[in-house]
Amino acid sequence: MSWFDNSIMVQRGVAKGRTGTSHSITEASQGKYHYVYGPYAAPVLRVDPGAVISAETHDAMEGQIRSESDMPSDILNFPFLNPQNGPIFVNGAEKGDCLAVHIKEIVPRGPQPVGTTCVMREFGGLVGTGETAMLNAPLPEIVKKVEVDPVTGIKWNDKITLPYEPFIGTIGTSPEIEAISSLHPDYYGGNMDLPDIAPGSIIYLPVNAPGALLYLGDCHATQGDGELCGFAIEHPTVTTVQVDLIKGWTFRWPRLENERVIMTIGSGRPMEDAARIAYRELIRWMAADYGFEEMDAYMLLTQAGRIRVGNMVDPKYTLGASIAKSLLV
Amino acid sequence: MSWFDNSIMVQRGVAKGRTGTSHSITEASQGKYHYVYGPYAAPVLRVDPGAVISAETHDAMEGQIRSESDMPSDILNFPFLNPQNGPIFVNGAEKGDCLAVHIKEIVPRGPQPVGTTCVMREFGGLVGTGETAMLNAPLPEIVKKVEVDPVTGIKWNDKITLPYEPFIGTIGTSPEIEAISSLHPDYYGGNMDLPDIAPGSIIYLPVNAPGALLYLGDCHATQGDGELCGFAIEHPTVTTVQVDLIKGWTFRWPRLENERVIMTIGSGRPMEDAARIAYRELIRWMAADYGFEEMDAYMLLTQAGRIRVGNMVDPKYTLGASIAKSLLV
Amino acid sequence: MSWFDNSIMVQRGVAKGRTGTSHSITEASQGKYHYVYGPYAAPVLRVDPGAVISAETHDAMEGQIRSESDMPSDILNFPFLNPQNGPIFVNGAEKGDCLAVHIKEIVPRGPQPVGTTCVMREFGGLVGTGETAMLNAPLPEIVKKVEVDPVTGIKWNDKITLPYEPFIGTIGTSPEIEAISSLHPDYYGGNMDLPDIAPGSIIYLPVNAPGALLYLGDCHATQGDGELCGFAIEHPTVTTVQVDLIKGWTFRWPRLENERVIMTIGSGRPMEDAARIAYRELIRWMAADYGFEEMDAYMLLTQAGRIRVGNMVDPKYTLGASIAKSLLV
Amino acid sequence: MSWFDNSIMVQRGVAKGRTGTSHSITEASQGKYHYVYGPYAAPVLRVDPGAVISAETHDAMEGQIRSESDMPSDILNFPFLNPQNGPIFVNGAEKGDCLAVHIKEIVPRGPQPVGTTCVMREFGGLVGTGETAMLNAPLPEIVKKVEVDPVTGIKWNDKITLPYEPFIGTIGTSPEIEAISSLHPDYYGGNMDLPDIAPGSIIYLPVNAPGALLYLGDCHATQGDGELCGFAIEHPTVTTVQVDLIKGWTFRWPRLENERVIMTIGSGRPMEDAARIAYRELIRWMAADYGFEEMDAYMLLTQAGRIRVGNMVDPKYTLGASIAKSLLV
């Protein structure tokens, strides 16, 4: 029996790990992509728990950065950025439930070079931005296009090849009444840019609106911790996920499980607030589901907790706090 | 000629200071109040520039905290908090314009004691919150009801009376495609909790959506800098404003003018980011409209700029940066 | 009877308001100025409570920026910045006591133009710095020299004259065993850059080391909130203070009293942490000395507290939180 | 040839990897331990580059927490915390040089249980502290004593054993004129609490004072990212290091090298400022020594940089930013 068979998704989900119907969302069937996470868009798909969905995702720039001579700030037009597939209505999902999403596969699509990274004015982790306002002159803008191959990797230049380690940059459910830019990460998920949200992982998302209303997009071919300049290796993909529903599992912030760890995901500013959220949620989870006293969990995480910095460039910073499953005894 | 006749609103507005038609929004005509700032609600009113609007505002708790024995966290139900009047569609307003709102009057309404302040768990400037997550036990909840009289002031207790210094806690236009909780302050205004947004002032708001879609509510009878525990003297009011439109005056963050100063308003986390936004916007304004070189404005503000801390309790903190008009020579 | 006769300094000080002996610290008698607040330097003076001391202070650049064509980053040499007079050993002062310092007078000294402000690379509130590291190119450096006259004010340019509103930028006692750069503000005072520390005010400083070891310097002719570009109108002065000792009055952060308010001063990063410190200290003070329950003080400050932003440019940001004495009933 | 033979220490150090004389610092020869990093203490040892030094370190509580019934806040007495061995004067070291410290071995000393962790009031990552002031009641204090064995590990409880993964919590050189509490991390090193500073690594420290004046102490038997509650598994040790000197290698913040990566270490508040420092320093290092254009390094780190969170509990937070040596081509 694999770890997946013992996962929370399989153990507690409505579909109990059974693979349901398959669906695909093509560019054509998606039609208009979305730039907010909210309840005001009509579902592109309605599925039952257990359903497997393959979606043709755009890159975060909706494919508009076509050449290395393009000027990102001329082309990109806030708030019409980071296009999302969805929303997917999951039958039976109600506020207070949890939507489990098992990430099965991410493959690049489209002609090479399919990968793009950029330096764009007023955006990034080491420059003044709209949020951390500075008077300094902006950096020159740069576009870099790279070939991305699932097998041979990402050809950074003649000397450096990076492994293909894809993940979903932006995924989440709809807020109850808010509609928030897909550039933001928050309590419902969104633009977390956390590399652990990768094939093989299950992400658990709070359901705030009827049908959960799953959105996803913004897949990265690889990314360093913090997504320093603001653009990972952005690329269009076919991304395949399986959804399930855990009735009555109520929590505030996204959670994740893979073969090795459980993780909680916090987003906030300043960065320590993201870390505080992530660790407090992890303590609460360990107390609720794994038999720990809160103070014991607090002290054990002091010795064995791990932090992954997702992004340090989005309107909120995202961190994941995790502990090895082997210690949850 | 009063300062108002020389104000930007009068000098550059479509209505040029002329008083247009009068409108009122009663509780009945408002019907459903709103909990998000967004473009998805139908306008409650359509007006021309110059129109004067009186609105029956609720307090931030929608009047649900009725007695000092109430328990706020039992009663208040996120995200259905901070009810807003509106949206008011201003004819002719387009993205890139500025909506000018002259605040003419705020008077309390309803039976005494009309004022309410609270200490609520997981909310406030000196406690762990959902954003600054802590493990400490919450403070005990407290509700305090006070009489509020425009003439005699706010009867805090037998020994202390505070002056009635009302202002609008939450006011703004709609984002273009987002719908954001009315608990948030941001680039479009919202829950800024800045005491300068008071009768006699003009607030200038960026127009992001057709018709501007003005919302307002959450009036405070008085408030200290930072709104420390999170609840000013909240009270229901009749609030009267006059709107005008300044075509093609495009900026990112709210601005304010009164007899004495011009002010820019920034909201962000950490608090220094709110200060940076406010001061950078003020420099840009001084450069664009008052003949300053940016570096001169930067240095003059170093000697003569003023900062008002609006809130240090909301999802973003709000600060106003100002300079005396007498120095804009 | 003046407010000063009712001040804490007079009511609780060892000298009870009596003026003791007069002392002066000239450049010559100071000899070597100091660049750290610490217990390792020999006292320049030993005085009794009640003593009045006049000190010839340097400007923060030790007079090295002599002309508008100077390049600050070529001249200024960290850590030899912000030269301080002192330390002054106050007889009888022990850890756990409070040193009261009544600021009596600040007058400019030296040939005109005595005032200097600058823009220096990697320093200031709206640029990348050593603490908020950025990749953007620095701003061009600028030096501005201005005439400063106590009566006619500060001649900013042909059109703008600013009033002379001098205060002590850096003042404090020695830490117990630490010696910290005079560029820092912290629990012992230091480089707070808070305009309320002005003639007419009394600042109360915690005593951490025997003799208190008072340092002071860095007087400003005027300054806006936040000291935006990092250099107020820096000027050399003769600064006159009277010291007293309040035995056994133990607290962690500087406090201030003037005719109108009591104030607590917090320094920290991010800025909200400075605000939290200042307000928590004020609540504790109101509870300890003015008969408030902590929760009542918390709620009253929500309605009537005031915040002054001292600096947003130093290694810690400094804020003062205050309440009107008229409300301490 | 091992990676060590190719290390910067061996390639560029004065001793070129040759093992010099051996020294030991016992509790007796240390005599008084130190609580500040500064130039005011007499060296306990003078050594040449290449010297190997074994030091008997105390735990951060100087062994005063002896039993699980102790009350940390009664026993621990700021600023006399985190006792340090040293200072060690390295002959030939001058301001502008780099001190290389190869960590060779850490072994526990003293009777079992030698490991201690605590929850102490007003300290930790998920509680109000002296820096992040809150009104909430503190958590109850807890002391946990654990057996620590280099081979069998750390016996957390009957079910959980953690591996022995020791590192030096606090290590650094002296500032030039400051003397800063050993509880602080900063540009000279200090209380970084970064698990990468472990046997097998070389840490490179900027020399600010003659002789470098190396201090070290505060070894941890293991620690999670962030040192959440503020106390790792603190334990007394014999720690062995080898020092070398790299003349004229000048940089501002600590650097580290091990078999796999190069790392830069930033400390600051808010946490994003620590991350910014670390990444900017890494970009500068890659540009200065590895042939990268700064913008290329910025973009490559976006895809391949890694962040380790050392502490989120000290007066400044510490993060390490790293890149695999295999990518430095």
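We just call them A, B, C and D in the order they show up, numbering each chain from 1.
The rule we apply is simple: a residue touches a chain if its C-beta (ideal position, glycine included) is under 8 Å from a C-beta of that chain, and two chains touch if they have at least 3 such contacts.
Given the structure is predicted, the values throughout are model-derived calculations rather than measurements.
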> If every chain is reduced to the average of its C-alpha atoms, which one ends up farthest from chain D?
Replying inline: B
> Quick check: more C-beta contact pairs in A-D or A-B?
Replying inline: A-D
>> So the centre of each chain is just the mean of its C-alpha atoms; given that, what is the distance between chain A and chain C in Å?
In response: 48
> Distance-wise, how many Å sit between the C-alpha centres of chain A and chain B, to the nearest whole number?
Replying inline: 34
>> Going by the contact rule already set, what residues in chain D reach two or more other chains?
In response: 126, 132-135, 139, 269-270, 276, 279-280, 283, 298
> What part of chain A is in contact with chain B in the complex they form?
Replying inline: 35-36, 38, 40, 79-80, 130-135, 175-181, 252, 266, 268-270, 273, 276-277, 279-281, 283, 294, 298
> If you look only at chain A, which of its residues touch chain C in the complex?
Replying inline: 126-128, 132-139, 270
> Where on chain D does chain A make contact in their complex?
Replying inline: 117, 119, 124-126, 139-140, 142, 144, 154, 156, 159-160, 162, 222-233, 269-272, 275-276, 279-280, 283, 295, 298-307, 309, 312, 317, 327, 329
